[in-house]
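Worksheet: one structure, shown below.
Chain nomenclature is as follows: A, B, C, D, E, F, G and H, assigned in order of appearance, with residue numbering initiated at 1 for each chain independently.
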Amino acid sequence: MSLSIKELLSAVREGSLSVEEAERALRAKPFADLGYAKPDLHRRLRQGVPEVIYGAGKTPEQIVGILDALTEGGQEPILITRLSQAAAEAVKTKHPIVYYPEARIGRLGDVPKPDGLGDIVIVTGGTSDLPVAEEAARTAETFGNSVVRVYDVGVAGLHRLLAQLDTLLRASVIICVAGMEGALASVVGGLVDCPVVAVPTSVGYGAAFEGLAALLSMLNSCASGVSVVNIDNGFGAAYQASRINHMERR
Amino acid sequence: MSLSIKELLSAVREGSLSVEEAERALRAKPFADLGYAKPDLHRRLRQGVPEVIYGAGKTPEQIVGILDALTEGGQEPILITRLSQAAAEAVKTKHPIVYYPEARIGRLGDVPKPDGLGDIVIVTGGTSDLPVAEEAARTAETFGNSVVRVYDVGVAGLHRLLAQLDTLLRASVIICVAGMEGALASVVGGLVDCPVVAVPTSVGYGAAFEGLAALLSMLNSCASGVSVVNIDNGFGAAYQASRINHMERR
Amino acid sequence: MSLSIKELLSAVREGSLSVEEAERALRAKPFADLGYAKPDLHRRLRQGVPEVIYGAGKTPEQIVGILDALTEGGQEPILITRLSQAAAEAVKTKHPIVYYPEARIGRLGDVPKPDGLGDIVIVTGGTSDLPVAEEAARTAETFGNSVVRVYDVGVAGLHRLLAQLDTLLRASVIICVAGMEGALASVVGGLVDCPVVAVPTSVGYGAAFEGLAALLSMLNSCASGVSVVNIDNGFGAAYQASRINHMERR
Amino acid sequence: MSLSIKELLSAVREGSLSVEEAERALRAKPFADLGYAKPDLHRRLRQGVPEVIYGAGKTPEQIVGILDALTEGGQEPILITRLSQAAAEAVKTKHPIVYYPEARIGRLGDVPKPDGLGDIVIVTGGTSDLPVAEEAARTAETFGNSVVRVYDVGVAGLHRLLAQLDTLLRASVIICVAGMEGALASVVGGLVDCPVVAVPTSVGYGAAFEGLAALLSMLNSCASGVSVVNIDNGFGAAYQASRINHMERR
Amino acid sequence: MSLSIKELLSAVREGSLSVEEAERALRAKPFADLGYAKPDLHRRLRQGVPEVIYGAGKTPEQIVGILDALTEGGQEPILITRLSQAAAEAVKTKHPIVYYPEARIGRLGDVPKPDGLGDIVIVTGGTSDLPVAEEAARTAETFGNSVVRVYDVGVAGLHRLLAQLDTLLRASVIICVAGMEGALASVVGGLVDCPVVAVPTSVGYGAAFEGLAALLSMLNSCASGVSVVNIDNGFGAAYQASRINHMERR
Amino acid sequence: MSLSIKELLSAVREGSLSVEEAERALRAKPFADLGYAKPDLHRRLRQGVPEVIYGAGKTPEQIVGILDALTEGGQEPILITRLSQAAAEAVKTKHPIVYYPEARIGRLGDVPKPDGLGDIVIVTGGTSDLPVAEEAARTAETFGNSVVRVYDVGVAGLHRLLAQLDTLLRASVIICVAGMEGALASVVGGLVDCPVVAVPTSVGYGAAFEGLAALLSMLNSCASGVSVVNIDNGFGAAYQASRINHMERR
Amino acid sequence: MSLSIKELLSAVREGSLSVEEAERALRAKPFADLGYAKPDLHRRLRQGVPEVIYGAGKTPEQIVGILDALTEGGQEPILITRLSQAAAEAVKTKHPIVYYPEARIGRLGDVPKPDGLGDIVIVTGGTSDLPVAEEAARTAETFGNSVVRVYDVGVAGLHRLLAQLDTLLRASVIICVAGMEGALASVVGGLVDCPVVAVPTSVGYGAAFEGLAALLSMLNSCASGVSVVNIDNGFGAAYQASRINHMERR
Amino acid sequence: MSLSIKELLSAVREGSLSVEEAERALRAKPFADLGYAKPDLHRRLRQGVPEVIYGAGKTPEQIVGILDALTEGGQEPILITRLSQAAAEAVKTKHPIVYYPEARIGRLGDVPKPDGLGDIVIVTGGTSDLPVAEEAARTAETFGNSVVRVYDVGVAGLHRLLAQLDTLLRASVIICVAGMEGALASVVGGLVDCPVVAVPTSVGYGAAFEGLAALLSMLNSCASGVSVVNIDNGFGAAYQASRINHMERR
């Protein structure tokens, strides 16, 4: 059955589905138990989005095992984040994934047609922020969003940013990726009227303390409309931005 | 003139407004200069939202001065956050503000009719999180949102939270307010399919380190779709939630 | 002599053993002095548990030397924690240890029959927590406990955890192993009525700060009945859980 | 109905209670909704222990409201922690609580007869640790434990501690309360064979950093069998110790 | 004698002053010894600037004692920083100081005529940064600089800052005072070609951590030409800016 | 009996004292048990120094109780550190203590005649370090040392320090008390050939972080022969310096 | 066109250049857009200094691409910082850069003739600080400054520093490079009357915490006239020092 | 000339040496200038101890260069700390150093005959602390002390430590080396009456935070007579202990 939970609950409320049937549907193997992992077979059902495998700390064998279970459950596309080149090669021998080395992302299945409210614009402070930005970009595309990339527009050269003002003002959601002092989030946040999701990166040295400076900076942004995800978490930013870009009346 | 910047730019692009006229409009005193402060007279124009005065670290006289300038500029409603009871009394002698002591918020002008996509649901882990939650609630209402309060549903008594599952699943945006270990954000984030804005609070003691534990916890949420604002920043969460709740096709 | 200290003291109190004899017994080489180490030959006597060698920072030669001394003293089984594959190979040439690579644990001697009050249930938030969980599992088994493994039940997919509720409620002690935000400890702690020993892991990135986020989260758990051991300290959690699982009337 | 969940589940498994009846029992108002708080009316049912109100950050009026709801639900004894003298006076006008100023604890209802496996021994490093130790002691007594107090036995005067060795060796569980460098936990942990629950306190100055030094010290204890709760969390230590002291075969 | 050290050394090198005479000159009571303090009577000689008394942690009696010694030594003007209103009143009964309450600064003697290379421009992010900015302003004036104040131009409203671009571009040195995320330093640093001295302030809350966020942000500024002084150290910034504004060919 | 432990042990080794007699001597009430405290009646016996009461966190009643027990045990002089003026007044009504307000120290009994190897020289960076320096000075005097005070010789005015070089070079031990950046310890450590005990103080603001900056600075001193005690721990520095100043051949 | 912005603005003010012409000049491709980077083609125009490429986190291909764009834009000399030996070799196959391995700096184009007010003196605490000091030295030379190197003069051997006093007193600006406790900045700052730019280095171990100790120390310098840049940021220090060394009347 | 400074000053005071001669002696090339380093040729003169080269961050060539200069100046023995095996091999080709791999120390010249007041006893908590302990031991021996090693006596097995009580009580100075929670310093400090120099080590994992836990623990020692050096700084501890062990009447 492929009803979402909300549809199930509505059906129960309307009486077109008995409590027992609903219960059975939900009990029907919502996840596979592989011992070392319990991949979620209901995420699309429950949250309407592709399943995602966090690749770090998993062996290629474990990733293949999870892919086996998920594809059996009919889930696709499937995203694999933090996937090393070597692990990607190993996985490819079993599943026909596409691999984006800069983003360290693998994907099984096609990119869907964008169906969001508008563009997700991804801005970075510098060239070194690209891996995180690309992780965000590939994730957002896989989740059904059109993505515009505006890279290397840090505030030290404000004219580079202001030259893109038009693009920024047209954005539906902005993902702001910056390391060092992370000031880009505040400046962008003050210019636009759409939600900004800020991603501090571990780019920098010394008192950047592996992204801490940018993180604190973004959390204390004097501009409103900025919320923050974990350091280097391009995936998480894109996930949130995609949710926002798919808002609808409830 | 009360066109927004986007309307101005569109008019220029369409040729119905000359560059010179647009420039003049934008140059027309976008902020007042009071010496100690430069209140923004164009925020509504630029970002479509009420002006907000951050009350902490300002004398009642300074707040009154800024209110004078803003009301002259025609801005209303106006929100004053982090306003102490004593300062509120002093301000009231000059401007007819309404004051919410629990939220430490004052407001000049009426609450607008809600015009968002749905409800903003505010959940808290405990009773001690109320001041932050109420700051968020009053802000969200002033920005044109309908608010549902679900307080004291921390994860130590999961049944209290699950009893509100229906409300959570109907939410347009959820603001999750929690101190101590802040686990509520992860649990809520895993249950729903709408954006969650998490606010760590300084509630707790010892190794809570004034909200640091909850902040780190929320940033590392294993649930996706959670982004975070500063510790105790109920205002910022509501601002972001309101932007999300007013998303439209671009 | 193989009386425990309590037995010795009782005998002295009852007069069946003179102070001098007791003193001699206790003085009888309670540890070996190898220069670089002083392995405890009385731990079983004093605390009723197997001797444990902390393998990190010791050369294979030193480990073999300590094993020599302990086996001479009649101690067995003996656990070696934080033992690398390479060191294990070297040690195996001298002593017939069993090696568990995932747990990084070596063991000399047999696993005893479980004699605790019930099962120790080990839950993990994700697949990446397995090395720590297995260190706990192998330790608990060596200390005479029956172990149940419930892996990859992080709170982002609450249904996976709730599907194991029955197992959790039957546990004698629960060891909760989680990285990232460590919320699992609070949720489990709120569901059960047995002691929970929480182990933060260094799994995660960015603001996880090598396990700090999970550690602070677990220390601030809003659920009671949760106590915490060091980051990645699966051994320590199992040691404590085993003590609890062997409680008896005093 | 006053069956515990385990009793309920057993009855269902045995067929003496239908699933529907069990569900109804559990659904019967498990908590009261006071708006600002949702006191748990099922904690005793679910976890077999008294309800506890965390007094910090609550007004006397809120505490009285929660007491009203809990006593209506038949819960007693009820513990109120972190209760100031002034708040206690205010609460006393409505409910006949007993107040222990040193422990900052109020209690409604009688202390039950001890029914644990043995004594909970509470040791402190110094005199300044008394408030935390007394919070633990009063909590443990309210939860049905016999308590032995061994105060001011810090390791700088080891003879004071060793003079109590007999008491320590007889303990069922030990709660170790210490500030400054918290070394007491390691020394006690190495001497005994029962579980030790360590509570770092904020006693000390300078590089004690409000309890951080003691916390880190206890987490890194070279003695096994030590687990840790939050800084100054006497209540949490006693809660855990009581669970351990009431272990039974499962 | 009122030669500077460099003049003295030159005289010795040229032979117009014997080593013995130079030694005697330098030995001539370079500081007074009051027991609790050793005020420098040679600072103007050595560094060419007014003597400064750090008022925090000194009693009014101690401050008066130091003023006595300095005025006897002919030093004037003299600056007293971190001087509370109450202490200022007490000092005024003995020495005719002028007191600036917002800057918490007292001054004995007249403000000299500005003789620097140009203006020192002081910009602040918000109104709450004024005390620090005024400490800088009064210090700079006392050290012989003309000061231009540009307050409340935080980056969240970039137009307010850009409206002052002309003033910024004309500056000889800029002191940039900002709390919260301190992004102002990076933006200003990228716009101008003069040295920028950045002062993080403790303005903000939560993850601002008393100025730490702004401090780290400014240290990691992606704009070059920015150096940083201690949190809230308006005096130190002005001292350094004045040195820069009085540069001359060597 | 008033033999020291070493004398006791020697007597046993020489056969002039039986093991039983020695045991009895040591068992003879080595501390008093007041419930809230266990004052050491053997410290002079064991370590040859006066008993010390840490006054912080103790009520005047508790302090008086401990003084009662100690004077009964014949201990004198007795030092009470961290004693507030108010508490001192209360204690004086029962015991004739002398109180030094700047040092926050009370003392019962006379200052002994200095019997150390030489002078303990106490240097401070500034006037604000005096309370810590005086705590050290009064402690050292009570422990039988001659003390020389060299205050306000911070490295920013190196000539003030060098003017005291003779005093420094004659010192037996130097206690170096400094806040802010604590550089004084390194400079002094490089000049002298006697042991330097460094005390960081919490003097400073902003990034001094309550003494952390000075603490880290002193721990990383590029000069050798510098060891460090806790922030503001004037007592601890003097205790160590006194031990050093009383070294003798063993 | 090669007018600076200030020249442009002057021309507009004087009427010798129309607003439209000035606008066109400024709009004329101020930066190149390479997708992964947007190199600034106007930096010399805007700030009068060479363009700088931050080499860390960029591939040799990206660096070559940026060099292509900049040389096309006529920029020279060009500095490449944090350039590894291997990357330098790769870049050299396309552009004739000079590479300084100790400084990890590459440079395209000639070193200009020094035209500053005086010498920039670079002092280091130890030999291990050389890489950072050389980064500063090569940068300063490329920016048109004469540089004097005074290495290994840490304060533990004050005579080595004082032997260079003459050089220090003649300096126009001093760059002070030190790790460990960073005391050198305070001592130098107290001796001279020119601006000091302090660079903490990550030299040291243990509680040096990768440069944190030196950073905090320098920020809290008791000597005035010291401002600080990021840990190991030799480039940033030289950039600021060069701005100061090129001050002129405005 | 090989008089120490104190001998020089005495000679001047006694008139047996003119001021001019003394000055010349002191001016006689007190250090060599190698550009990258300025080795101290007067340390023995000034502080009476061997010269020490900190090997970390220096190339073998630089070390050889410094050895050349020092041996030319007649300094011997010379200690080289933090010297890798590979660097030691390279240095050996030029200078006949002895190398101790466990201590990572090289030494040129003979170990002098011990001439201190007594033994320096070095205790460690565990076997993993040996490299730091051996660094201390080799340093102390080179500085003329007799050393007693007591390794692996951590407080978790208190009987191992108490078995060495006799050795501890006979010590002149104790160096206490421990990682993890560092409790050994407090326990040892409470047992003995000689100065204790504590060295935290980076042994441990998780919340040991590379030695921070042990460092804070030792700084907060409830035992007096304990002072602390940097993490892993075995050399520094031995240097200080040697100064103490060579105390004499002044």
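What we mean here is this: a contact is a pair of C-beta atoms (placed from the backbone, for glycine too) under 8 Å apart; a residue touches a chain by one contact, two chains touch by 3 or more.
As the structure is a prediction and not an experimental result, all values here were calculated from the model.
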Chain copies touching (subunit G, subunit H) - same or different residues, decided at half shared: different
For subunit D paired with subunit E, centre-to-centre distance based on mean C-alpha positions, whole Å: 54
Centroid spacing, where centroids are CA-atom means, of subunit A and subunit D in whole angstrom: 42
Residues within subunit A bordering two or more other chains: 126, 157, 206-208, 212, 215, 219-220, 224, 230-231
Pairs of chains, among all present, that meet the touch criterion: A-B, A-C, A-E, A-G, B-C, B-D, B-E, C-D, C-H, D-F, D-H, E-F, E-G, F-G, F-H, G-H
Residue ranges of subunit H touching subunit D (in the complex, touch as defined): 125-126, 154-158, 180-183, 186-187, 189-191, 204, 206-209, 212-214, 216-224
Contact footprint of subunit B on subunit E as seen in their complex: 126-128, 130, 149, 151-153, 157, 159-160, 163, 203, 205-208
Contact set on subunit A toward subunit C in their complex: 26, 30-31, 35-38, 40, 42-43, 54, 56-58, 62, 200, 202, 210-212, 215, 230-233
In the complex with subunit H, residue positions of subunit F that touch it: 5-6, 9, 46-49, 52, 117-119, 169-172, 192-195, 197, 215, 219-220, 224-231, 235-237, 239-240, 243-245, 247-250
